[in-house]
Every structure is written in C-alpha cells, then in structure tokens.
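For reference, the structures are reproduced in the following blocks.
After this come two complexes, each holding chain A, first together with chain B and then together with chain C.
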Partner chain A sequence: MNFLPVILWSDALVFLLLAVIVAVAVHVRERPHLRLPWQRVARSSVAMVSMLVLSCFLVIGLLDTLHYRVALPQTDAGEKVYSPEVLSVFDKLVEPLRAHTEKTYSAPFALHLYAKESLEDAQSHVVRDYPRLRYGGAHLADVSQRTADVAKRAAAGTFAGALVGLLLAWSLRRHLKQRAVQVTLVALAALCGALVNLATVYHVLGTDKVGQDVLYLSLKSIRTGLVIGTLTTLVTLPLALFLGVAAGYFRGWVDDVIQYVYTVLSSIPSVLLIAAAVLIMQVTIDTHPEWFETSAARADLRLVALCLILGLTSWTGLCRLLRGETLKLREMEYIQAAQAFGVSSMRILSRHIMPNVMHIILIALVMDFSALVLAEAVLSYVGVGVDPSMISFGTMINAARLEMGREPVVWWALASAFVFMLVLVLAANLFADAVRDAFDPRMNRTEGAA
Partner chain B sequence: MKKLLKVDGLLTRLQGGAPIVDGVSFDIAGGETFALLGESGCGKSMTALSLMRLLPDGVVHAGGEARLGEVALFGLPEREMRDVRGGRMAMIFQEPGLSLNPVMTVGAQIAEVLALHKGMREEAALSRCVGLLAQVGIPDAARRVQEYPFQMSGGMKQRVMIAMALAGEPELLIADEPTTALDVTIQAQVLQLLRETQEKSGMAMLLITHDLGVVAENAHRVGVMYAGQIVEQATRERLFAAPLHPYTQKLFAALPDARRSGQPLSAIPGSVPPLGSSVQGCRFAPRCDRAWALCHTQSPAWKVVDGQGVRCHLYAGSESRVPGTDSPSPPSPLPQAGEGNTVPGTLRSTLLQVEDLKVHFPIRKGILQRVVGQVKAVDAVSLSIPQGRTLALVGESGCGKTTLGKALLGLHPPTAGSVCVEGEPRGGDDRRRGSMQMVFQDPYASLNPKMRVAEILEEGMAALHIGDDSAARQAQIDGLLDKVGLARDSKWRYPHEFSGGQRQRIAIARALAVSPGLLICDEPTSALDVSVQAQILNLLKSLQEEMGLGYLFITHNLAVVEYLAHEVCVMYLGRIVERGPTAEVMRAPKHPYTQALLSAVPRIDGAGREYVRLQGELPSPADPPAGCHFAPRCPQVMPVCARRFPPMTSAGSTSHDVCCHLYPVVPN
Partner chain C sequence: MIAYLVRRILYAIPILIGVNLLTFALFFVVNTPDDMARMQLGIKRVTPEAIDRWKQQRGYDKPLFLNTGTGSAGTFTDTIFWQKSASMFVFDFGYSDDGRSISREIATRMGPSLAIALPTFLIGLVVYVSFALLMTLFRATALDLAGVALCVLLMSISGLFYIIGGQFLVSKLWHLVPISGYAGGADSLKFVVLPILIGVVGGIGSSSRWYRTIFLDEIGKDYVRTARAKGLSELRVLFTHVLKNALIPILTGVVVVIPLLFMGSLLTESFFGIPGLGSYTIDAINAQDFSVVRAMVFLGSVLYIAGLILTDVSYTVVDPRVRLR
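What follows is the complex of A and B.
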C-alpha cells in the first residue's frame, strides 16, 4: 500500500454525523407518519432544486473528508515513510488545479501574471513586462487565440456536460418528476462540464497572492464551511435538547437554574466570548507541538475546537425554543395519562416529549446551518476563526481584503468566495424554508382534508 | 313572505379536488331563522364562508348562485362585496375569545364597523357603541366601551361580537355555532338575546349548529346537512314531529336522555366521511341501515314530500312508504337507572370514598413569591362511588370538576382530606395507581401522535408491571381491542389514522389496560359528534355491565347524565351543592342553581318549561362570595345566604341532599 489513510478529528465526527443521518433516514422510512412531511419536501420543486445544489456541495465536502498520506519513495530502515502532507481524495481528483500554481496573482482566464517582472526577450534585452503564466493557457502559442480557444472549450464542455446531464435526468425521471429539477440538473451538469474542460488549462477564477488557483481554494473552502455548519450542531443539540426539555418539564428550581445559565450566556457578547476561547485554545495548541504529526492535524483540531466553542455559545436559542414547546406539551392530556400510570419522568421525557419536539429541532438545525457558515467567515475575518493554513471562505476574504486597494483591483478572490458562499447559504436557506413549510401543520391543512 | 336570501345549487370545492359544499339550495325570509344542522365536517361553516366569500386558501367557489335581495353575491366585484360584508350581512363566530382583537378596546372595534358602513365618527360613533352594547345587555356600557377583551368574560365577548355584527344593521346575520364555546346558562342568555334582537330588527338569521336543542328553540326552518349536501329541509315543527331522512331519524335516536337510560342508544355506525371525499351514490349509504343496492350506485334526487324536502331514495318513487314507519319505537317505560339494577346499592362494596377533599392553589405575588391568596378549586368535597355504579359530576366550566378528577388520580396534590380506594387510603404506592384511571376529554390531545396504538396501550402495563413480558402484554392488548370494538390489526397503526370516536375507544382501552375498578371520565364525549357520542356511551355502558366498573363521570351535558348516571352531584365553585339519585335530581331539583342549570338546557321537546334566568357569570374561585357562593346570582336569595354557607341537608328522600338555606335542617 503506497498510502496511509488518515482520519482527522473532524473526519471522524463527520462520519459519525453521517451514520446518525443514515440511521434516522432508515428509521423515518419505516414510519409513514414521519415520512409524510419528507414526501411533501420531495414534492416541492424549490426544495428539490436547492437540495440538488446542496448535494453538489456535500459531495465535494465528503470527498474532501477522505484524507490520506502518500508514501515517499525513500524508506527509513525498511519502514515506509509517508509524506507529511495530508491529501484528500478531492485533492487527487482535481490534481491539476492543486498543482498548477503560478508565481502570484493572475486574473481569471489570464495568460499573463498580474505583476510586471524583468524579463529577457529574444535579443537578451532586459525588459519590464508581464510574464506569461506557467500553466494558464500555456498551450496557446499565440496570445490572440485565447478568446476563440476559451469559447471552443467552453462550448465543447457545456455540450458534453449537458449530454451527461440529460442522460442522468432521463435515467432518474421516475424520482425527479419536476421540470425545474430536471432543468437544474442539466444546467449544473453543463456548468461542471464547461468548468472541467476549462480549468485544466486556464485559471478560471484567477490565482491568489501565492499563485494558488482560486477555484481550487473556493472548492476546498466548502468542506470547512460544511464542517462548521454541521459539527457545531453536534455540540448544540444534546445541550439544547436535554436542558430545554428538562427545564420545561420539571419547572421549579431546575427551570430557574437552566434559565439563569442561558440568560447569562446569551448576554455576553458572543464574539468576545468566542475570541477569548479561541485565543486560549490557540495558546494551548502552540505550546504542545508534539501532539500533532502533521500541520493538517493541528489545523484540523483547531477547526474542531472552533466548532465546540461555537456550539457552546449558540445553544441558548434552541434551548429556549424547546423549553417553551415543552411547557406547552407537558399540559397535554397524554402526558397526564402517562403520569397517572406512574411512568417515570425520564421515560416521559424520552418517549413522549422528545419525539414531539423533533420537528422544531430539525427546522432549527437547518436554519442554523447557514448562520454558522456565515459566522465562520466573520470570525476568520476578525482573525479568531480557523487556522490561517486552513482554506476557508473566511481566510480567503481576509486575504483578499488587503488587495482591494490595488489599482487595477484584485477582485476575483473576494468575488468567488462571495459567490460560492452565497450559493451555498441560499440553497441551505431555501431548503430550510421548504422543510419548515412541510412540517408546519397550518400550511398543510387542506391536504389533510383532501 | 319575501325571500331575503336565496341560495341555489351552491358548490364549493377544494382547489382541483372534491366538492365540500355540493349543490346546497335554501332561502331565508326576513325575520326568519334558518338553521343548518349537522355534525362536524359536514360543510356547514363552509356554506357560510362561501356566502360571505371568505373561503380559506385552497378552497374555491365552483358554481351556484346566491342572491341577497336583488344582489347576486358571486357577481359582485370584491370592492362592492366589502360593503355587503358587515353592512348587509354580518357573521358571528364560534370562539368569542379569538374573534376580538386583544389590543383594541371593544369600543374601537365596534367603531371600526360604524365608520366603515355607517360613516359615523368620533362622538356619534361612541354614543352609538354605547347604545349597541346596552342593546346586547352589557351593564354599565359607557364604561365597558373603553375596556379590552381580556377584561371581559366569554359570554360578554360573545355579546360584544353580536353588538359588532349589529353595528352595520345587517339584513342577514350568520351565526356560526354562536354558543358552542359557552356554558349552558350563558348559552341560554345569548340565544335569548339573539331571538329578542331578531324580533326587534326583523333581520334574517342563518344559524349554524350541531345542537338539536338549540335548533328546536330558535329555528323556524331547518336544513339538515350531511357530507356537503342538504339531505332534508323542513319547518321545525315538521322536522321534529316526523323526520324523513334516515340520517335525521338516527340523529334524534342517538340523543341520550332519561327515557333511554335502560337500553343502548341507537348509534350510527362509522363516522362522517372526511371533508372533500367523493362518494358514489348516496353519501349516507355506508352508514344507513336501510340502504339497498340503488343507494350505493345512484345519488338520490331532491324530492319534496308535503312541503318537506328530502334527499333519499326511500321517498323517490311512490308515496306509499309512510314516512317514519320504522323510526325508533317509543321507548317502553323502563325502570329508572337508579333502581334498575337488582342488586341493592347497599350491598355493593364502596370503590371510592372521598372525605373533605380540598385542592387549593396558592396565588403568589412579588419578588419573594409570597402567598397572597388561595384559589379554592375544590373546597371540602365528599363523595363515594360503589362498585359498578356511575356518579356524575355536573357543573359549568370553572367550577372545579376537572381539578377534582385529577386530584383523585394524584395529578394535583390535595391540600386536605382523604381519598380511599377500595378501602385503602391512596398514597404514592404504584400498585394502587392501577385501581383508578382516567379517560380524557379531547381524544386528539390525549394520545401521543408519535406512538403506535400497541405502544400506547403497553405503556401503562409496563409502568405498573402488569403482564410478565411483552408477549403476554400483547395478548392482553388484543383482548382489550376486542373489548372496545377495534380491529386487532389496528394496534400497529398511529393515532392520526383513527377518527375521533375510534381515538376515544383507544383512550378507554388504555385506561382499561391496567384493569382499574374505577374510571374517571372527564367529558369523554364533549369533543365528539352526536352519532359518535352514542357509540361511546353504549361502549361505556356495556363495559360497566360486563366488568362491574365504577364511573366518575364529569360532564356539563345533562342529557348524558340522565342517560348514564345512577347518582349525580352538582358542583358550584368548588363545592357540591346538591346530590342525589339521577332521576330525582333531574325531575325535582331542589337547589336553585340546579333548577337554573336544568332549565337552561335547550330541549328538543322544547315547549312547556320556564326559564330560570341567571344573572351574571361564575365568580372567580380565588375570591368566592361570602356565605353561599351562589347567593349573588340566586333568584331566591335571602338575607341569611350572604352570611354563612348552608350545611348539607336532606331534601325529600334519604339519599337526596342539598346545600341551601331554603331547606333548613330538620331536627330528627
């Protein structure tokens, strides 16, 4: 075996989350009354279109979660030595994007660098000019052919992609009935086709300060965003669920204590709290370099710790919501019937109350997701977010901010981070809206009557 | 008489779906009350909303005509329709608490209507508001006009709603279940107000109700609705004398009352088909015991028999079938419930003995949460129930009857007094929990929607360690489902798949799962339709005969009491004011409150009873009146009543007791 699978902390947690989701899906599948709202989601074309877009992000994120280290050719006393660089399956798939690094900035589809350098021309004169890029459009002998070449490649890629998309849409026509979904599928496939065809030879979104392809950075940022958005909920959920339901059900001093805790917690400015916690964590990590084999492991732990800190500061909203709902539920007659049988409190909580607040949890989680992705960007921008070596929307924006004053302006890094984040959050929000509507009994009254 | 409203073939359907109101035609003359009678889900309210053109989203008007005077309602543009709404026809709704805006004074809400339809503003509007409030019988109207809805009681709010409806001086008033949310004594007040208003103003009224008693006392003509169609239409006298349609006949037969107390009620099997389901043939055929092949294939046509319209194949052909031939035979004079059983009451062992039970809730105020008062929800109540007997606990809402039931179960800790079950004091011991169980009011709220029937039934058994293992319990569950008349395979289904009546059967099975001796039934049928109520009452009765259960039956429905109970206790503001055998209390009530309560119930044989009208409403149990609690509302109040609470004295027979100064203690 010439590679070593690496499971970072965040990978393990993502796999755990995935397992939980699969288990829940299996559970829901068997129960018609739980399946019903999801069937409603499946019927809504907005939900399905946003789900399709989201799933593209998810696939990229998941591929980027499968990490490994490549074996180096040399051996150390018969033992294999692995490269200190941790790669992911996604890195391997987009190898050209990762490997094609230029010297510094270059605009999208550019053939030349963004900064002038001293060059020797054919007559060995030293001239100040924009040098050709090492990879971007290197196959073109003549600079003037660029527009035609881009158009040709884009057309070919779009055509091939659309063809694959149509084939997919046709083979899945039983499951994806809505026209809008089929159109989106074809459009996405065409876009991917064009991108793949162009990105191998051009820097479609330009390069950044150290010459890395911006498209690659944007794609890598997706995983960071998704991990923050989902793993944080792993921390929030048990806290909010247990404390909220317990406060609502037991009332009395339990309620008082929990209420005081979350009231105090939510009155501390959250950025301040997060910044303090992140700085403490950073110092701890920096003083213990021996804990980490690779720099990726260190950056990853910092990401997980950030999730933890975000989680610990953001459970109060959901907790309050669940407490309110439980206050309502505990007066329901089926709870009183259970009390009359002498059923234990823990059993009432787990069998009667929790299943009946699940829809709120689901809606809150989907809604929180986009807020967390945005929070990461803000925190990284402030400098208390993820490790600077980790690619994320926040670090991209932070790096791009310094170049906004240049003339002509370096706009592409910021723009692509903006567009990717917008699409991700918009898709998540639209999906959350559709989920909320599907679970809202008031919106589905007429259906019940029909 | 000139017809004011003419509705012809009104058709309302779900968007792209089945009809909800299917070809409804009727007319109303000025000064006349037309009642739409039917069970829930029959399309009564949808008919009214169609006429107002206020249909909810997803429901559309799909055909038919309606004329108010000369105006075709469905041809009007929305702008002109707005003048008709509230101006020429007004509507009052079921829930007075929800139909008033809580952040506006009632005066402002009425003034809104006046400004819109009468062009009145400021001074003129204010004085008109006061006038309207006085007209609907609100005392001290000049002050009340500045009050907010939360400062008023339910009856008051409904009066305000009526005042608001009258503000536009409508020609037609649509009253959608105007008294369903109110207590009987308040209901009597509101209905009388409606009748008086109609006499004065000569407006037409469309009264929507499910209560046969309300129809009998208020309507001039009646349309009986079933599954979106009017199946019978006649004058009130004719309908009550000789109902033609099998559904109407069944509806009458399903009403519980004293004369039927020995025999099972003739319940209509099944339940009303869900709104918007399409059925071939007669809508009622699946539940009709006189249906034949034709009924299932062909929808019957509207047929007028001697001015009485009916939609039934029985009357389609010749007139030879005499209407009402097999209407339920007049019940034979059966032994009264109290004496009906051969076992004398004294030989029965006492199942439940309650002595001086008090449940007080402290009122806390201030930062230190000091107790500043007590809500005396249940105040020194004593009662006993022998095995296999039914004790009914009657009273208006807020009198503490539900609290009493829950305190017996241990859901509220009692403040004082003792509860003995089967001779042993009730404590925290789990084993004793099984001896007493409760059936709740709302079958939709009393079953956890996320649990299957088998899980619901097993929960109590598991908690009380009944049955050795799951398999043994499952066998028991099968038996329980048989007992309450549900199919065995229904145990793997979820509650939402069942209708209201079936859910109540599940709730009963859940209570029976731990084999209790006593069932506390808290208004078990008040959320159900009349025809389904009869099924549940029959079930309760047969279970009592079969298993010797004792029932504590908490209700406000006096007809059910007469039918089911052996003994009755009347509660007022946390205390029992009268108790005795059902027949005696119902026939000859002693306490003025019981008399008022009984007289307020609308009856289908309406004539020949006099109202004892009660003033005002139930006072707050946090601050009960001094002396006899009923004194401020009592028509026969004496000076002594305000001074001290009367002791329980015997009235007439040995077991009939009453708490009233009218019946002084007789020295033995």
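What follows is the complex of A and C.
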C-alpha cells in the first residue's frame, strides 16, 4: 500500500453524522406518518432544485473528507515514510487544478501573469513584460487563438455534459418528476462538463496571490463550510434537546438551573463569547504543538473546536423553544393519561414528548445551517475563525479583501468566494423554507383533512 | 412598576455573576497566566524570568482565588479573581496591554460607535417595516412573491460582500465619499453615510421578511376582519390596526438591541476605520489583548440585560393591557 488513510477528527464526526442521517432516513422510510412531510418537501420544485444543488456541494464535501497521505519513495530503516501533506480523494480527482500553480495573480482565462517581470527575448535583451503562464493556456502556440479555443472547449464540454445530464434525467425520470428539477440537472451537468473541459488547461477563475487556482480554492472551501454548518448541530442538538425537554417537563429546580445556565450564556453577545472561547482555544493549541502529527491535523482540530464552540454558544435559542413546547405538551391529555397509567418519566419523555418536538428541531437545524456558513466568513475575518492554513470562504475573502485596492483590480478571488457562498447559502435557505413549510403544523393544508 | 424594575435588576445580579465566573474560568482557569505569557512572548525561547516579569507587569502573578500569604483582608482581595474579575461590577476594567485605561477608552469610543449604529438602527427600522407593510399590502400577488424572493436573495449574501462591494462601488469607482476614516463634528457626515447605507441595505433581507411574517400573522385575526367589515380601506387597516397590534412582536426583537448599539458593529467599524468600540474589540482580538476582550464581554452582557428590562417596559407603553408588578 503506498498510501496511508488518515481519519481526521472532523472526518470521523462527519461519518458519524452521516451514519445518524442514514439511520434516521431508514427509520422515517418505514413509517408513513413520518414520511408524509418529506413527501410534501419532495413535491415542491423549489425544494428539489435546491436539494439538487446542495447535493452537488455535498458530494464534493464528502469526497474531500476521505483523507490519506502518500508514501514517500525513501524509507526510514525499512519503515515506510509518509508525506506530511494530507490529501483527499477530491484532491486526487482535481489533480491538475491543485498542481497547476502559477507564480502569482492571473485573471480568469488569462495567458499572462498579472505582474510584469524581467524577461529575456530572442536576442537576449532584457525586457519588462508580462510572462506567459506556466499552465494557463500553455498549449496555445499563439495568443490570438485563445478566444476560439475557449469557445470550442466550452461548447464541447457543455455538449458532452448536457448529454450526460439528459441521460441522467431520463434514467431518473420516475424520481425527479418536476420539469424544473430535470432542467436544473441538465444545466448543472452541462456546467460541470464545460468546467472540466476548460479547467484542465485554463485557470477558469484565475489564480490568487501565491498562484493557486481560485476554482480549486473555492471547491475546497465547500467542505469547510459544510463541516461548520453540520457538525455544530452535533453539539447543539443533544444539549438543546435534553436540557430543553428536561426543563419543560420536570419544572421546579431543574427548570431554574437550566434557565439560569442559558440566560447567562445568551446574555453574552455571541460574537464576543465565540471570540473569547476561540482565543483561549488558540492558546491551548499553540502551547501544545506536540499533539499534532501534521499541520492538517492541527488545522482540523481547530475546525472541530470551532464547531464545538459555535455549538456551545448557540444551543440556547433552540433550548428555549423546546422548553416552551414541552411546557405546552405536558398538559396535553395523552401525556396526563400516560402519567395516570404510571408510565415512567423517561418513557414519557422518549415516547411521547421527544417525537412531538422533532419538527421544531428539524426546522431550527436547517435554518441554522446557512447562518453558520455565513458566520464562518465573518469569524475568519475577525480572526477567530478557522486556521489560516485551512482553505475556507472566510480565509479566501480575508486574503482577497485588500486586493480591491490594487490597480488593475484583482476581483476574481473575492467574487468567486462570494458567488460560491451565495449559491450554497441560497440553496440552503430555499430548502430550509420548504422544510419549514412542510413540517410546521400551523400551516393550513387541505390534504390533512382528507 | 418600580417594584418590578427593582426585582428585575436584582435578578440580573446572579446572571452577571454567572457571566463573570464564566469569563474568569475561560480566561484564567482553562489556560493559566503562564500559558498566556508564553503565547504573548512567543512560544519558543522564552525564559521563566520573562514570564514572571510579564505576569508581574499585568498583576497576573497572584493566586487565582485565595491568597493565604497575606493578612486576613488580603486573602480574598489580593487575588486575580478579585482584582481582575470582580472589580468589573463597579465598571473598573483595568488597563489594556498598551497601558491605557479601558474605561476611558470605552467612554471616548462610544460616540463614534453610536454615530454609526443609531442612524443605521432607526433608518433600518423604518425601511424594513415599510417594505414589509408593502409586501403585506400586495400579499399573495406576484409583487409579494418577488419581494420575498428578493429578501431571500439578499439574506443569502454575506455581510462582508455588502461592505466590500459598497466600498468599492461608492468610494473607489464613484469617488463619492472617502473609503474609510472618521472625523468629529459636522465633518463626520461624509464618513458615516456609507457605513449607515450599507448597514441598512445589509439587513433588508432577513428583517423585512421577519416583519412580513409578523404582519401576516396579524392580518388573519378577527379584529382585522371587523375593521374591514366596517368599511375601512385596506391601507387604513394596515397602518392603524395591523401595525399597532404587530408592535408587540416587533418590540420583542427590536428593543433588546438598543443598549447594544453602544457596542457598535465589529465589521463595519473595522472596515471603515471608525474609532468605535467595535473596532476596539476587533483590534483587541487580533492583538490577543485579553483584558479588553473580558471587559467587552462583561459590558456586552450588562447592556443585553438592560435591553431585556427595557423590552418589558416598552410593552407597557404600546399595550395598555400589560401591567408590570
């Protein structure tokens, strides 16, 4: 084996979350009353279109979660030595994007570098000019062929992608009935086709200050955003669920203590609390360099710690909601009947109360996701976000924000980060709205009466 | 009402003690002052003497809770907890790492923060409520749908984009106002216009949508049907009946943030170089100046609790049924 699988902390947690989601899905599938709201979601074409876009992000994020380290050619006393660089399956798939680094900035589809350099011409005179890029459009002999070549490659890629998309849409026609979803699928496939065909030879979104391909950075940022948006719920959910339900059901001193804890936590402005906790976490990580084998492991632990901190500071809102709902539920006849029959508190909580607050939890979680993705960028700007070496929308924006002052303006890194973020958050918001509409019992529905 | 206020303020004390203990635990127990010193002085090649000197300069060389070495009174008072944490209850925040009094900094920086935050808040409130009322007026039409779609789009855009995009467009391309900076008095106008504008635009999406849901909740109620049955025009129903009755849910979210306006906005202030409390906090975070961050956390929670009390009081103003006892 010439590679060593690496499971970072966040990878393990993502897999855990995935396992939980699959288990819940299987559980829901078997029960018609739980399936009903999801069928409502599936009937909304906005929800399905955004789901499709989200699943593209998800696939990229999951591929980027399978990490490994390559074995180096030399051995250390018979033992294999592995490269300190942690790669992912996604890195392998987009190898050309990762490997094609230029010297510094270059505009999208550029053939020349952003900055002038001293070059030697044929007569070995030194002239100041923009050098050709090492990889971007290197296959072109003549600069003037670029437009034709880009158009040709884009057209071919779009055509091939659309063909694959049509094939997919046709084979999935029983599951994806809405026309809008089918159109989106074909459009996405066409876009992917064009991108694949262009990105291998051009820097479609340009390169950043150290010459890394911006498309690669944007795609890598997806995982960070997804991890922050989802892993945080692993912390929020149990805390809010158990404390909220316990406070509402037991009342008395349990309620007082839990209320006190969440009032204290929520009375600190969240950015400040997060900043304080992250600063402290940073000190701990920086004073213990011996904990980490690779720099990726350190950055990853910081990411997990950030999720933990975000979770610890953001469970209070959901907890308050759940407490209120439980207070209402515990006065319902069916709970009182259960109490009269002598059913134990634990059983009442797990069989009668928790299933009836699940819709609140689900709505809160999907609504929080987009807020967390946006928060990551802000926190990274403030300096309390992910590790600076970790590729994320926040670090991209942070690195690029001063470039707007350059002449000519270096806009592509910033624009790419914002556009990718916008698409992700917009899709998440639209999907969250559909989920809320489908699960909220206050919504008027005709089908319920039938 | 006075009795109620007194009770609420007394109830705030245990909360503030909790906040105080929590920040103390975060800053001094999770990491010892030694860790902080090593962090500040550089991880490698730091002598124990340098660490001791650093701690002594900042008064971190005392025991955490109990000082058994000194006399009876000093047992509790000559400790880090007493001098650094408990002292915040009398708003004595101590000194920042560059030796300035934090209390004085806060006092001078509140003005610029307010100059941005207060107009943003007021203009924003008017704009969001008007936009939401407009959507409610045209509810269930294409116009309403377009409004909601616009809101969802606007709230999906990162707040950083509004700031960077606005600065680029208005200041760099159109040269209408300076990119950043601040001046006192009447000169400040040209510096605060853009931050205020961006602050208002950035909030349109989520706030208008939220107010629209509130208005739609109200509009299904019986009193609205009665008002329509009396023959009142739809505009009249909206502005006099619905708006007034929707004030309670609106106030719940709005009044709470009024005291927090003093703290300013972290992002806006640091991007526009406004010497307010927001940029003070950001600078402290970047310089890892823990005493400033601690002071800000405490100040923030005091203001938040003040906001909660203010919210309760505001209910009595808009709703005569509410009596605080």
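Definition applied: the second predicted complex is superposed on the first by the 446 of 450 C-alpha atoms of A that agree within 3 Å, B and C clash if a C-alpha of one lies under 4 Å from a C-alpha of the other, contacts with A are read in each partner's own complex, and residues count from 1 in each chain.
Heads up, the rule we're going with is that a residue touches a chain if its C-beta (ideal position, glycine included) is under 8 Å from a C-beta of that chain, and two chains touch if they have at least 3 such contacts.
Computed from a predicted structure; not experimentally measured.
K.L.:
Who does A:P289 touch here: chain B (first), chain C (second), both, or neither?
P.N.:
second
K.L.:
Tell me the contact category for A:T200 with respect to chain B and chain C: first, second, both or neither.
P.N.:
neither
K.L.:
Which holds for A:V384: it touches chain B only (first), chain C only (second), both, or neither?
P.N.:
It touches chain C, and chain B stays clear.
K.L.:
After superposing on the shared chain, does chain C or chain B touch more chain A residues?
P.N.:
It is C that touches the greater number of chain A residues.
K.L.:
Does chain B (first) or chain C (second) touch A:T104, or do both, or does neither?
P.N.:
After superposing on A, A:T104 lies clear of both chain B and chain C.
K.L.:
If you stack the two complexes on chain A, which partner ends up touching A:Q259: first (chain B), second (chain C), both, or neither?
P.N.:
Touch partners of A:Q259: none, neither chain B nor chain C.
K.L.:
Considering only touches as defined above, state whether A:I268 meets chain B (first), chain C (second), both or neither.
P.N.:
So A:I268 only meets chain C here.
K.L.:
State the interface residues of chain A toward chain C in the complex, per the touch definition above.
P.N.:
Going through chain A, the ones touching chain C are 260-261, 263-265, 267-269, 271-273, 275-277, 279-280, 282-284, 286-287, 289, 370, 374, 377-378, 381-384, 393, 397, 401, 404-405, 409, 414, 418, 421-422, 425-426, 429-430, 433.
K.L.:
Give the list of chain B residues in touch with chain A in this complex.
P.N.:
Where chain B meets chain A, its residues are 14-15, 17-18, 20, 56-59, 274-276, 406, 409-411, 430, 433, 437-438, 440-442, 445-451, 459-460, 463-464, 494, 496, 507, 510-511, 514.
K.L.:
Quick check on the complex: what are the chain A residues that touch chain B?
P.N.:
Residues 31-33, 332-334, 336-344, 347, 351-352, 355-356, 445-446, 449-450.
K.L.:
List the residues on chain C that touch chain A in their complex, please.
P.N.:
Touch list, chain C to chain A: 14-15, 18-19, 22-23, 26-27, 30-31, 35-36, 38-39, 43, 152-153, 155-161, 164, 167-168, 172, 260, 263, 266-267, 281-282, 285-286, 288, 290, 293-294, 296-297, 300-301, 304-305.
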